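Quick one: the structure is below, and I'll ask about it shortly.
For clarity, chains are labelled A, B and C in written order, and residue numbers in each chain start from 1.
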Amino acid sequence: MSEPDLIAVRLTDIGKRFPGVIANDQVNVTVRRGTVHAVVGENGAGKSTLMKILYGVQKPDSGTIEVDGQEMSFHSPSDAIAAGIGMVFQHFMLADNLTVLENVVLGAEKLYGSGDRARTRIRELSSAYGFDVDPDRLVEDLGVGDRQRVEILKVLYRGARTIILDEPTAVLVPQEVDELFENLRGLKAEGLTVLFISHKLDEVLAVADDVTVIRRGRTVTTVDPKHTTARQLAELMVGSELPSPSTETSTVTDVVQLSVRDLSLTDPLGGRDLLTDVSFDIHRGEVLGIAGVEGNGQAELVEAIMGMRKATGTVALGDVDISAWSTARRREAGVGYIPEDRHRHGLLLDAPLWENRMLGHQTQEPNRTGPFVDRRGARNDTDRIVAAYDVRTPSIDTTARALSGGNQQKLIVGREMSGNPVLLIAAHPTRGVDVGAQAAIWDHIKTARREGLAVLLISADLDELIGLSDSIQVMLRGRLVGSVDPQTVTPEQLGSAMTGAGVPA
Amino acid sequence: MRRSTKFAAALTAGILSLALTACGGSSDDNGSAKESTGSSGAKSDIKVGLAYDIGGRGDQSFNDMAAAGLDKAKSEFGVKASESEATPDEAESAKEDRLIQLADGGYNPVIAIGFAYSEAVGKVAKQFPDTNFAIVDDTANTDANVTNLVFAEEQGSFLVGAAAALKSKTGDIGFVGGVNVPLINKFEAGYDAGAKAVNPNIKIESAYLTQPPDFTGFNDPGKGKTAAEGQFDGGADVVYHAAGGSGLGVFQAAKAAKGLAIGVDSDQYLTAAPDLQPSILTSMIKHVDVAVYNFIKSFKDGDPLTGTVTFDLKSGGVDYSTSGGQVDDIKSKLDDFKKQIIDGTITVPTTVK
Amino acid sequence: MTFDPRKAGLTLAAPLLAIVFAVLVTSIVLAAAGDPVGTVWQTIFTQPRPRNVVNIINAASVLYLSALAAAVGFRMNLFNIGVDGQYRIAAFAAAYVAGEAWMPGKLNVLFSILVAVVVGALWAGIAGLLKVTRGVSEVISTIMLNSIATALVAYFLRQVAEKGSNNIHTTTIPASSQLAGFKLVGDAPNAIYTLSVLAVLAGIFYWLLLNRTVFGFNLRATGMSESAAVASGVSVKKMVVVSMLISGGVAGLIGMPLLFGDAYNYGLTFQTGLGFAGIAVALLGRNHPVGIALAALLFAFLNEQSNSLQLKAGVSNDIVNIMQGVIVLSVVIAYEVVRRYNNAAEQRRVAAQLAASRQAEEVPA
């Protein structure tokens, strides 16, 4: 690091808009050659968009990209590759039934052919960077860490001098993470530049030479990890948020509504542990918030409680063990569900609103009479929801697709609050909705809580979590690692707890 | 919807390619598809209606033999004719409709090629009692105005079976049938009997290309080649095919394996490409052309053939061919068998044991 | 339901434009081949004679059943390509049972239809089970099962057929179980199949099942978004198996009008390929019970009218396959275009209406 600071990549004032969303707005990143440069930020902060712009997958609306001091304009990833930029995606793109050699050469046969010359080149690269990968092994026999090394080899083989790694540790177990960091140091020692995207602050601090923080599509600052703590980094990432939803007097009763014991889940594909011995209770009238950086098992926890995933351990609703119940039966027993991704799990976009009102409740009153759909019942009740929850729509025959995100979400909230639920599972209930709808949804959750509903709340919005919850559990790598008191905790403290930097007392 | 869009594209591509090949085949035949007359001076008021099986004129096989008989009648008697062919997967009513249109249009006689017309002829003949109908390869109908033109395929097959056994050096011969239907089983039965008459210990391998109702086995040289290759690889050195257009593949396999093949229906040595000719030992000739011609002639002469007319060795309706000269050395033996069949000393079975 | 004339007009415009486009493409093909374009269209679009009208209705009823069988699967993104094998094996089984005449007269008909439905359902159910237990794509397995059905039927047909004829078939069903049909078309010598009633009944059943039952809701939900259906509590595995059973059961009906109204036995010449034609008809009819009916009539009309092309115009009737193919392809593209246009238009309209109502609210204040 004593050599003159040559600039490998400089991104200046990058802006990128999608319909209704500003993904990047005046992003500035300067990456020194021969360093590991981390880009951190919450999910949705705009990190991935930025990297896609640098790799030529997307074109920026404004701003400039300089590589080695020269201004570039990338129209496709092949332009980026030609400029010496390679990208390793979070999800590997390898053919299992081919060898390492074949995977690496695939699509780049022009460079060194596909025979011994290519094999020699792969061996050279492998030993130069300490990769220890046998070119003739089948990829299906390799572990996750080795597969990731093959992905990096692919990029190096194509002549990359700057390598972008998108959330490389998301799929790795701790030992593999250490090996990866060894490899990254090896690359750095050979003069290569690594751009490393992550939201795991301890990892970032362990390996990066520079850290750029992005929040809501803008660069906040670039800091030196040697003089920064995880807590400081978390504060930069979370920033100051919207005015908080006010907390009220406790309505928590001593009746346990949901009891989860030793819930464990292993990734059926990779063998990683997604959930480990998760246990908690929610009482009637209680909102339990789960805090955690996304991807630490929250989605799996929700799906396991809903019966959409098979997990070990027990789930009890009141006094009844529902572990073996189907999703439909759990819903009939009064479990409401506001899914994280409403387009994938919450709506039939091409169906009219009244049919969407039935979704998830199609086996219940007022939507059915015997084996038949009760159209009148469903339609009347949809009218009720539209009025009570202020869903802005011309008609209940309008398709869900035509509605704005906030109105879609209000319909879902209204639907899930119907039929007197005893438990509501709300995953990111106000994500992607406008401020007005957000306040309305908060009000509905608070009202239901007052009436004795038990709520499991998952949210990345820390103010929301602190404002609505009666108690908060922190989730990290599939475990509940501690609880915080929402009465006293600040978003900054919570943010650092989520990253494993320690739970405040 | 998007998945179904892709699917529709694939489906349409399939339909189109089928239709285009079919069109390619038929566009050459348009001259004869419409009503046409022989070019000779002879004139006649007779209008012949001819309904082909799938493939129609130009199939290099069964239907072409029928067309040859019609063409001969046209040029000799100056009869007019109208022709139409069946399409794959058509409804039974389409076959009936074809015959009705011909009969209704004043065509008399109406000749149906192939047993697929069996039921249609039965129904339509009753609606048009004044029209003479003939059907090739079927005996199901007994109406007075229906003539059944059938062949003793087993007799001709007996002779080529004997030829195969006489020529085989390995004592192992093969049979490739187009579709596993009773009609083709008859070919196999005769072939087996003929071969065993020469060499009781001979090994005979048998394969059918498709099972009904999949009739593509009559028109798929690729399948014919694969089946014959298997038999040649298994030690056979002579293979007889009763597989219509698929026979080309059998010839190609014979050439590649330096073995011999036996043709069917017509003298296939004459129509084969020069490089395949040396591989063709002989052919079992089934004179559909003679049957069609004779029927038209009898009608013209005012004394139409009636009932079931069997074309056998005796009447020359089936035979073996000698073109290419490869059977010259065994001709006397074959003719001896022929004589014994004709005089009844040998009775050839019609079903495979 | 509110009726939106603009939307309905667009929905109708798509198939009509597709037909016009198909006529154009076919004309170009004909002209390129040097065939008489005018005579061909004259032959196809001439008024069918009573006999042909009956044939068209009969063929359409069979195509309709076939398309319904495919459509049940399509509505949940399940591609049952095996309707062809299912109806053939079901028709064979029913023909055998009917020929054995274990029951008298009309009871024999009902029993045989039941056999056909059960056999068709079970045959399709194999593909459903393979999909949910082993993850085998139903497209692959149903194609394979088509071949297996062909071989099985050929084998059993040889076992049970009366020997002697070249056209082997099952025992002809007794006269008391043969159905005379309806003489509805004036001078036609032939009759509409009695069992074309099955097509009407199946159409009503299909509509009721999909639009009025909870099962139908689950099926459509799975087709629109499998992930949302799962989250709503639908067991997709169960849906796959049950849908395949229903699809195969309807497929079992396809051969029944032919069997009891025309062929009276299952033989080598029993009509084939109806299952594949049904897929095209279902796509053209947008899986809608009325749309499929219109599509089936159109396909039956084209098939029937093309039958005389060789005699009248000297053109192979395969030309109709080109036309049908182009219709299906262009109509599917047109539907997709219309769908996207409608989506965008609806979003704009909703936004505009909401903006207008907001303004109206603000005025008095």
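Heads up, the rule we're going with is that a contact is a pair of C-beta atoms (placed from the backbone, for glycine too) under 8 Å apart; a residue touches a chain by one contact, two chains touch by 3 or more.
Being a predicted model, the structure only gives us computed values, none of them experimental.
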| item | value |
| --- | --- |
| Two chains sharing the most C-beta contacts | B-C |
| Furthest chain, CA centroid comparison against chain C | A |
| Middle chain, criterion being Cα centroid separation | C |
| Length of the line joining the C-alpha centres of chain B and chain C, rounded to whole Å | 35 |
| Euclidean distance of C-alpha centroids - chain A vs chain C, Å | 45 |
| Length of the line joining the C-alpha centres of chain A and chain B, rounded to whole Å | 69 |
| Touch list for chain A against partner chain C, complex | 306, 308, 326-332, 337, 339, 344-351, 355, 358-363, 367-368, 371-373, 375, 392-395, 397-399, 401-403 |
| Chain B-facing residues of chain C, complex | 29, 33-35, 51-52, 55, 58-59, 62, 74, 77, 79, 88, 150-151, 153-155, 157-158, 163, 165-168, 189-190, 258, 262-263, 268-274, 276-277, 279-280, 283, 303-304, 307-308, 310-311, 314-319, 321-322, 324-326, 328-329, 332-333, 335-336, 339 |
| Residue ranges of chain C touching chain A (in the complex, touch as defined) | 1-2, 211-218, 220-221, 224-225, 227-228, 230-235, 343, 346-347, 349-350, 353-354 |
| Touching residues (chain side chain B, partner chain C) in the complex | 1-5, 7-9, 11-12, 15-16, 18-20, 22-23, 25-27, 30, 33-34, 82-85, 87-95, 97-98, 100-102, 105, 115-116, 118-119, 127, 137-140, 180-183, 210-214, 351 |
